[in-house]
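Several structures are given next for inspection.
In the two complexes that follow, subunit A is the common piece, with subunit B as its partner first and subunit C second.
Right after this comes the complex of A and B.
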């Protein structure tokens, strides 16, 4: 187990390097820092001095990959690529355009994100599985068919609709909950409820349908027939056998997204005014703040890779047939 | 002698026609082989699929008409001089629906309204200024104020009658074409559901479509059927124009996805070894970047590129078009990995089967084996995944436009419509028609695509009792 983990950790390094190279290429090679400066400063005030000043302020005043003016190792080290990459891997994300420390912002903003994402994940998973089990229990009947049709209709409606409809009806017309906003401590609950509810409904269609497919595959297997032949009731078969075996792919799939919960949801957070990482990212994209977007890309990939490793481990823990070596 | 218009082929137009040609070629190829005819026949026998295909065909028709662009010749060109063409790029769809865009209003108006939705100051003859709801410009003179609902009812009835007449003609044409034992007998059999394929569903969904179109066409000259938006544009026009954007994003993306996924996925599975390692590395890297962020980063970069290379685009349409194309490109680049992984797995399985080994023993080259023996046997995966991705992509457009990394703000798209209308829900009374129109049109398309995808998957996936 340990050996496997170490192997996976080592495997993650080239992937992160690849991500870093790709994002660097996207942000600095396709469009040079000069282009960025011109865009940020606006077309009118562009003098070479202004561009140079902007680049110095943002730490972009070095060659991209190869510094001909430096001596020795400096030829490679004193470059944008080396500096920015090393800083990323040290979790030093630098400063955003408005001068704030990105690392600190991330540390404070991840809590509101988690406050939304964790309940959505947990309750959503439970709801989806229950709904899928219900459909399987009534499989072949009109109830199953209606449930499936409902799932397809639910997943055909844009996520934006659920948010807008939720805000409009629950908050604006019926005044049950605040439209948007956030506050710390126990008062957060009032603000969290609506986004959580909306996100769960928005995810119900595709989630329940996917889990239904998994359960349906399980229910056609031989062990289920054996269990029925033993004289077990349909409920016991469903909960004792199908659910337990079906949970393996479901839980391992869920583990993969667990680390990504830190990033929060772009849409939900910015619609509901939650000061989390999702709305941070949306604001950064809209303000064209390249430093923040780059930091979030790096963080996202890191968490994704952690999720992949967790998946492998959880496979080994949940399924005794899987041995990692 | 010069044409009254100059055709304009935008990049996305050209690629759409390439795509249509590819689909036609594929259809021709599939129609000749029984292996493919059988599952398609199963799709055609499903009433749900037939209804969905009717809906999708309507959307596709609008999109294709809207992709035939031209610039009209300006009327004041003198004889002997080179013709001058308008700067605004219009499409055949625009030419067919002049009622929808010729006469914009001042600002909001509700569906089928006779007056504006907001009060405007108006000076009376005696110099006094009052705030009134002004009459709409559209057909403002020809209508007697008290009889608006009677007029609407008359037009609706006319539309329903025209729509039903068109369905009748269609039914008769079908019967004449299909009924070997006489048209009348065939119609009677079809009405009882014994024609061998879902004729009733086809005619029923055609009836719905024709009646809706005819009623709209009857109302459009005198009313804004779905109201107008903040700057007085007809909402029906906006949402119909958005169809092209949504469909392009759902389909053009496959032009990027499929070559990458097929080539890399099959190569990884077939050759194994370092090729497999390299390709797996590539798609793990791409996958590990959250898709929205990768798209956002790429679109931001495209924006910088457009801004710094302004001279490349001669019209606003060309500029917006470039951004749409780029969005399709980047969506394709982020989207190919899942299909490639599926294809790799399937190719791994196929590679060790007897018929591949036999081909190898006979000395058939790698390229020929891949083309003749591997590709046709994994193609059902490609087809299923393409159909299933379509709806995801259409929905993604709206979200990306909201985040600010979608299509150009000037492009007609459902995302932009929702974005513009979202804040108006806070008004009293509520302006609901714009956002409702966008959601209804988008959801209909996505629902049809999702339902069709289900049928296609069941028909083509050998594990699902098809095969």
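Right after this comes the complex of A and C.
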């Protein structure tokens, strides 16, 4: 397995280089350093001189990919792309356009993101699986159909609606929790309850319906009939056998997103005032802060690769027939 | 497992218990009766460096921390300056090329330099800060720190010692020099380099110096700047090229606030930037408040500066101020608050809900909440909705010194040009665009139709004047000219019924805008309909910010929308937007319409240097008349700000020029705590209903499960 992981890690290097190259090219096609300078300097009294000074100050006065004025290897090395890429592969993300250290921001902001994402992931997964197993338990009855109908209704509603409805009823009308905000330490609990609850409910429909499909397929298999014939209770059949055998497709979806939990949720963080990485990325895109966008895309790609590797490992752990090599 | 459950329950109870009587309080219960104002920001301030910050959300924070030599009088209208840290208003003298002093009324052409002598008040001290901490030998304790000394320190609070020192003139001169530092990237460098003697040369020298030291400390004290010199411990002199009377207004902005050299050196130590410790994030000033927490991802906290000098609430105001309770605190020592908490609130819905719950003290009004808060009375005046009145809220409205306009690219062969036909086309469009309707539909009445480039609050604005090319007096009332007249003008322009008289082709005009999304769609459709009233086809070219700017810079636009907020209350700050040599395409200036009328330019050059008075007013009127006739802009509207104030907040008088108004505000924390408790009692029946509902749903399922479990195998 170790050999497999090393191989996958080595594959990751060209992928990350490619992602970085694409990000660079795409960002500079739609957004030149002059555009960035203009946006950062504001709408008033932006002179060509001020733009030139801003570009120099932020290192955007260098050629992008090829430095014709440099000699030898310098033609490639003395460029914006090479300088920024090397730093990024060393996990030195540099400073954002407003002068803040990006690495420090990421380290600070990932905790609020995790504070929401981890309970949503864990409780959401448990709720979805339990609900799906319940529907399977009552399959063919009115309870199954009612559950399925509920799933479809829940799936059909926009995520934004859950947020607004949650804030309106729970926070505004019934005064049970703060509408938005965040606090450190134990006080964070009051602020994350509502977004966690809303996110779990918002994901319940699609999650439970997907898992129901998986379990539906498993429930008709021979080993289930054998288990029942041995006299096991339906609960033990479901939780002890069907769930275990249905784990592989569940792992496919769940483990892959595990590292991405660091990146947070764009909409939830924005509406609930959670200072996480999701809102950091959105703000950076809106402000055309290339340094942050590049760092977040790089981090996203890296975490995605890690997620895929974890998925492969979890296959091997969940199913002894799978061998990594 | 039981332990885990018990711990989770304990955490939940602890967290809920921390809220006190109410469960939805976003602030710690201990602060419920604090003399602290609660507000919000939707976009985090990018820069807090006084040489760099220019936008209003940045000024709202640093305006309370930094003290330039002058400030705007809080209650006086029209806006007027008064000394802040200066002992008196600056003494201004003029000199000719030979260095001979000239009388104040000397012709501008003779004035080679203007000298501003500023003397500071004594005994003003900076807020406590580690940069001022001294060791036993009297040397700065926290300078020349190495990595080991910085280890374990991630914020200013981690520096055990702090100190203060008296404000001196050298701090102001140091800041003027910082404007030229490329590493600071001040937005006003180019403008000030045009006026302050030697600033451009200093900028060039610093550019060279920065090549070897891009982000490190450069002791600006070692660089000479003839245009800013210390003349004594408490006095300094600024020398400008020529005459620039508006410079006084710049002296009331944070760009000219003091920055001590030792603070700059402190923040430039290796490792500080990586900890987000810089002048851009941790300002240091002499103002009424100091920034004690800067987490722009969550909140920014201002606390009363314990070293704040003696400043008192004004004893006199404008007529009506006393009746509005604005003089209740006359003569009291400032600030009246112990602090302010600004929370990040990106979305308008949670912001408004929290304001209604009493967790924000002051609120603007978005379109979403407007109908809930405001009703229009029989005479069309805006007033609070009954529900808001019942809560004791107050409404304060004021027209901002800003203008929103539709500009014509005067370089365009169809809509541009100063000829009579082109002028008639623009005048016809100005009449057809029904700004009153626009304000009603899209602004909920929050605007005043524009009559010229100068908005209310700017010297020279005449509330009784109107644009005679767009409006006329009918039975004693000022009304928009008729559409029939606009059609006549259009025919005179060579486009009868919206068709080219020569070719018969329909007149198609192009409107460039950055607006997009569902809200903008309705507005853009409205524009189309307005042009269609004259038979003109309007093609909307919506684009992103970058492309829009690009079009404007290259003159690839025809009609566009734009706005301007006053930097200072002088007409020069608006008329320069129409000054020929300031054209966007030719000169990269702020004249986005590229309007270039020699007569207007000549009057502008006279007016900008004149002192306020009858002669200047006459010139302003002539300039207004020229611009109204030429119609390079459709003067759409002057925005009107609506502010809702909680009943426990006092001393709110909109002052669009001043940044330092927090020190005048007062709250009644006891009333706030009482009303918050009354407005936010938790409603518990939904929890019971939810539990009952779940039980009702689960019970049949449980029974079915039991039945199934007991079923014999078949």
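Here is the rule we use: the second predicted complex is superposed on the first by the 299 of 325 C-alpha atoms of A that agree within 3 Å, B and C clash if a C-alpha of one lies under 4 Å from a C-alpha of the other, contacts with A are read in each partner's own complex, and residues count from 1 in each chain.
In this text, a contact is a pair of C-beta atoms (placed from the backbone, for glycine too) under 8 Å apart; a residue touches a chain by one contact, two chains touch by 3 or more.
Because the structure is a prediction, the values reported are computed rather than measured.
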{"item": "Which superposed partner A:14 touches (first subunit B, second subunit C, both, neither)", "value": "first"}
{"item": "First, second, both or neither for A:293, with subunit B first and subunit C second", "value": "first"}
{"item": "Residues of subunit A touched, compared between subunit B and subunit C (which is higher)", "value": "C"}
{"item": "Partner chain(s) touched by A:100 [first = subunit B, second = subunit C, both, neither]", "value": "second"}
{"item": "Which superposed partner A:57 touches (first subunit B, second subunit C, both, neither)", "value": "second"}
{"item": "Touched partner set for A:134, first subunit B, second subunit C, both or neither", "value": "second"}
{"item": "Subunit B versus subunit C as contact partner of A:174, first or second or both or neither", "value": "second"}
{"item": "Subunit B and subunit C contact sites that coincide on subunit A, given as residue numbers", "value": "30-31, 35, 38-39, 164, 167-168, 172, 270, 288"}
{"item": "In the complex with subunit A, residue positions of subunit B that touch it", "value": "281, 284-290, 292-294, 296-298, 300-301, 303-305, 307-308, 391, 395, 398-399, 402-405, 414, 418, 422, 425-426, 435, 439, 442-443, 446-447, 450-451, 454"}
{"item": "Residues of subunit A that touch subunit C when the two form their complex", "value": "30-32, 35, 38-42, 44-50, 53-54, 56-57, 95, 97-101, 104-105, 108-109, 134, 137-138, 141, 143, 164, 167-169, 171-183, 186-187, 189-191, 193, 228, 233-235, 270-273, 275, 279-280, 283, 287-288"}
{"item": "Subunit A residues within the subunit B interface of the complex", "value": "14-15, 18-19, 22-23, 26-27, 30-31, 35-36, 38-39, 152-153, 155-161, 164, 167-168, 172, 260, 263, 266-267, 270, 281-282, 285-286, 288, 290, 293-294, 296-297, 300-301, 304-305, 308"}
{"item": "In the complex with subunit A, residue positions of subunit C that touch it", "value": "11-12, 14-16, 18-19, 22-26, 28, 44, 46-47, 54-55, 182-183, 185, 187-191, 207, 210, 214, 273-276, 278, 280-281, 295, 297-298, 343-347, 349-350, 353-354, 356-357, 545-546, 549-550, 567, 588, 590, 680-684, 686-687, 700-701, 704-705, 708-709, 713"}
